[in-house]
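Have a look at these structures, which come just after this line.
One chain, subunit A, links the two complexes that follow: it is found with subunit B in the first and with subunit C in the second.
Up next is the complex of A and B:
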């Protein structure tokens, strides 16, 4: 017997399938308030997944990814407001520009490692935020400074990426997340994924095997920025407002990174799992304690974070999937045919 | 015979310390050359310069007749030079076969092809551990083999082995010597750093002794073993008597 892993008909995936079904179906039958939480889960899951493509695989901590999110939001929205270009087209233009910007930024940044890389990305985030807040015009383009961009409500228009109900936004987001997860999966199972994991493990050894470190890091950066730009477009269209103080904020960057770190960096589903855990807790706590004991929700949130980092430094992904696999075997046992073959193996 | 790599008056200084001092030498295609010397003699520094990890302070390095003194490390792998590390550097999160795949990806984009090649190398090198085992859970000897296998996966013409037998027991050393011979027979040139004199004397066709960064003696094993300079600097009187 080669496989010592126990398995049954569901192959340890029943709860994963269940989870996906919940995400797909349940938002149809809940109140708008709960739908908003679902949208936030997927939005942060999407951002964290994009962050994961470059930082999770390469192992550098970017604390400035909100910049690329903001770029996506700003460019597609400006194209819509000043150029009357549909966001469905604009988001691709935004994605290409964001990816190019990511490569330009990555070129010097990826020469740094560890805390230096993280600090530089923080500086980048703050730089862009302060710049946008204090400038009305850039290259003749009216970016409207600290006021931000306000999109008018025009009703339910597919072409303008504007929908009357939350659930349509939700399913658009589901599509975005699905594409991002697919891209992550493709990367993980390709030459690029192997190279990035190798670079993360040991850059010197990777280089000696002919891996061009900067080239592959920049490819990952470009893909990550390309994808997170879509999340930015969604943000702008969903909230109908893009303010530099929020979208370029350091908080946003940190939140994206933390969700991916807690979920499990370098895994395909980890960041989404992290969002499924952290976003509802944040929402629940701030609703429950936000009024009576302001700050308490942040306190609890912080404690949780410390616990996860202390006891599951690789993220919760492994532990959670392991737990659900065990649970599945308890409930369903494992496959009869397979049990026979295990018996043979013992003989 | 043709020379695969040639060093001309290579010097490397780290601040005030001269690690390699005006070294000249060459390795002929298809041979096994041993590089020995006391600790701190500059053996690994020499390797690092050959693999272009850092450039020499002065002097030139020629690989297959081309000046590669200022080449990039990753470009050397494409040219056909692979190396192992004295302190093993496995990609710990991956399995052993996946480690080999990273090497194999140098010449292919296809994951299935890389996997097949990696599995072939896994058989070829004769690892003792299970396929599924994570690379950082393996034993010392398997880690050394992993280093060799990963370098081999890039299909090198010149393989630099940096103390692959250090920390292995006599049985394992014999195994690794056999592996080295097998690799040489397949047409790969080997340059080997080793401290075990007996092993290196039996394995290599030519031996270079480094001492304080400079070349002390160069010759066949028997020439080196009987050279008074080599005996006084490194081998010791006992070894001479033992021969």
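Up next is the complex of A and C:
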């Protein structure tokens, strides 16, 4: 790679690389409280990215994805509590079971479209939550009903997925997010991605071209559920408590979907960008006003959501990346001709 | 273009709102923390224990459900806690620390376990508070207190009744209020009192095959825990459960549950709901004219909320029994409690409730522990809590136990074993204390069997909050 090529490679990506570097390096030099915000950014970014694999690419609005998050959390935690199985192993078992459950759920649900699909996923979420809240045992396994699962502190044990400091949790999440982003990128640039895009654009046309709609939707669903299950395991290990009222809640599902929608569904980095915007705002508003003016933080958050949905219905991804690219061209003084050639190169 | 202009205008408005509220937050902090009066500050400055001219600041962190399903309850806790701090600051702050000012840092748990845990973590790491108080909901308190334990910060649990909160061997967690098992025990004692007061009713029940009960509760951590303990204790007494009905929170109508109860025809109904569900359930019972002979018994929750009594008519809650998490007779027994109640009414528009009293007492315990420690060293505050021992009769000046517990002393698990509530019954719309004897309203006995007077019920009721005429 000569100097020009190297320059071309970095052009248009400098702020993106800077953003990634910030996410990688900055948490090392900030207070624990700020580290917590970074953890929440990546956690919700991870959940939204997983949601994006099935909903962003296929174009259906799932408002019940917290169910799969909860499955991951519950299964890996039960394996740890009752089977003394390390969450590092348990999370893969949980992911496989969650993916299988996602396929079973997807089979009937993907026959529906638009609001019917969304309503069905809401119903599924509520169904699972109510079921878990009201049942102490399932197939002889003690899921402890509404009481939830409590993980006792065992000290700083890597094998038990328990760390003494926040930064370790953070880098575990970095790894999870990196894998999810990579998987999303691979899907987007693979045959599966093209099929899903075709299905999203015009299902009838895609089907007439021989694309099996249900098959590819289910593949996307399985991958999405598999990945979000890891987030569930992380949630359980990080908070050391999993209760059905929160983990399976409609609020959680909507939060995941909104982050992806605001960030930019169907894009690789959009959901993470959405989390980078919304999570710090939520945390800041809640910390600043939550105690003195209860509800104000939710009110402001709501207004911001309405504005984004009204004026950037495709999400902020295009606007944000466009802004930083323009800024980059201005700072580095790259000419428009060069910019066009880079644009073609990227294509 | 118009759209762009509108967008810019809206953005400007939001930015201004953020800036304005930010300013309020900064200026409101001392108000919320109820900084000491000038006089107290001067005293503290002129007589510092350390000899320094600078008045130190003590930080107490609070996490309450200020939004979400328990918002009205959390707000009352917060009102009580802030009022307690205002009083302490007005009286010179922490005297053993040279009149240190007490600053409250209040966060909203949003009635959510993960948010509550994060806020406790923020209090421990960002705000560096000396002690944390919260979080009312058991489901929030449980994981949140674990965070405090992890950061070796004293945590005073107030409101959460889940037994296990103080059964994990956590040395930094202390609970001032009662456990779920205490609540149930109090209700069962209340039923015993009814039966011993009216042996003929007890005989009727016995001749009908024994006492029957129905459990209706929200299917959450708290509701399920209460139902489980009730069943365990009732089984020991040989009572029969004729309905065990968990209900998903947020129902707009509970007629189906009411009809099930009507069909089961229990002697006692026990319910556990937060405010919204408690309102819907109570209205459904009244609409369906359900009248169990030993009444409807509520394990506090929404039935202790002032908002409940604004939403329900006196006829709807007449004769109902409530396990209040405080001594309801406090304002009638102690002048200082009566004054606090009047002040609360003047400031907030309601007389003190169980939740207000709990918030107050929790804050006062935190303040007293720091006072005893004489330092903000967390280890010393923990030791002060472990050695904490205050009796109600000694609170004339300190006003610590507004909840009316006879004593606050923590056992080896951090549980205040003296925490107790009151069984009350609404008679003509007025709260009548029945048991224990220390909280009983003189001259009254429970009304059972519940009269079948739906046509006239509530017609002579007094407004909620009316003091009983002591006979």
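Here, the second predicted complex is superposed on the first by the 325 of 347 C-alpha atoms of A that agree within 3 Å, B and C clash if a C-alpha of one lies under 4 Å from a C-alpha of the other, contacts with A are read in each partner's own complex, and residues count from 1 in each chain.
Note that in this section a residue touches a chain if its C-beta (ideal position, glycine included) is under 8 Å from a C-beta of that chain, and two chains touch if they have at least 3 such contacts.
This is a predicted model, so every value here is computed, not measured.
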Just from the overlay, do subunit B and subunit C fit on subunit A, or is there a clash?
fit
What is the contact status of A:291 with respect to subunit B (first) and subunit C (second): first, second, both, or neither?
second
As a test of reading the superposition: which chain, subunit B or subunit C, is in touch with more residues of subunit A?
C
Return first, second, both or neither, reflecting whether A:148 touches subunit B, subunit C, both chains, or no partner chain.
second
For A:330 in the superposed arrangement: first (subunit B), second (subunit C), both or neither?
neither
In the overlaid three-chain picture, which partner chain does A:40 touch, first (subunit B) or second (subunit C), both, or neither?
second
Tell me which partner A:133 touches in the superposition: subunit B (first), subunit C (second), both or neither.
second
Which of subunit B and subunit C A:32 touches, first, second, both or neither:
second
Tell me which partner A:195 touches in the superposition: subunit B (first), subunit C (second), both or neither.
first
Minimum Cα separation, subunit C to subunit B, after superposition on A (Å)
23
Which bits of subunit B are touching subunit A when the two form their complex?
51, 53, 72-78, 82-83, 85, 89-94, 98, 101-103, 105-106, 108-109, 111, 114, 150-151, 153-154
Touching subunit A in the complex, subunit C uses residues 3, 7, 10-11, 14, 17-18, 21-22, 24-25, 28-29, 32, 62, 66-67, 71, 74-75, 78, 105-108, 110, 112-115, 117-119, 121-122, 125-126, 139, 142-143, 146, 149-150, 164, 168, 219-221, 223-225, 246, 248-249
Write out the stretch or stretches of subunit A touching subunit C in their complex.
31-33, 36, 40, 130, 133-134, 145-148, 150, 152-153, 235, 239-241, 243, 245-246, 251, 283, 286-298, 300, 303-304, 307, 311
Help me check something: in the complex, which residues belonging to subunit A touch subunit B?
189-191, 194-195, 197-198, 200-202, 204-213, 266
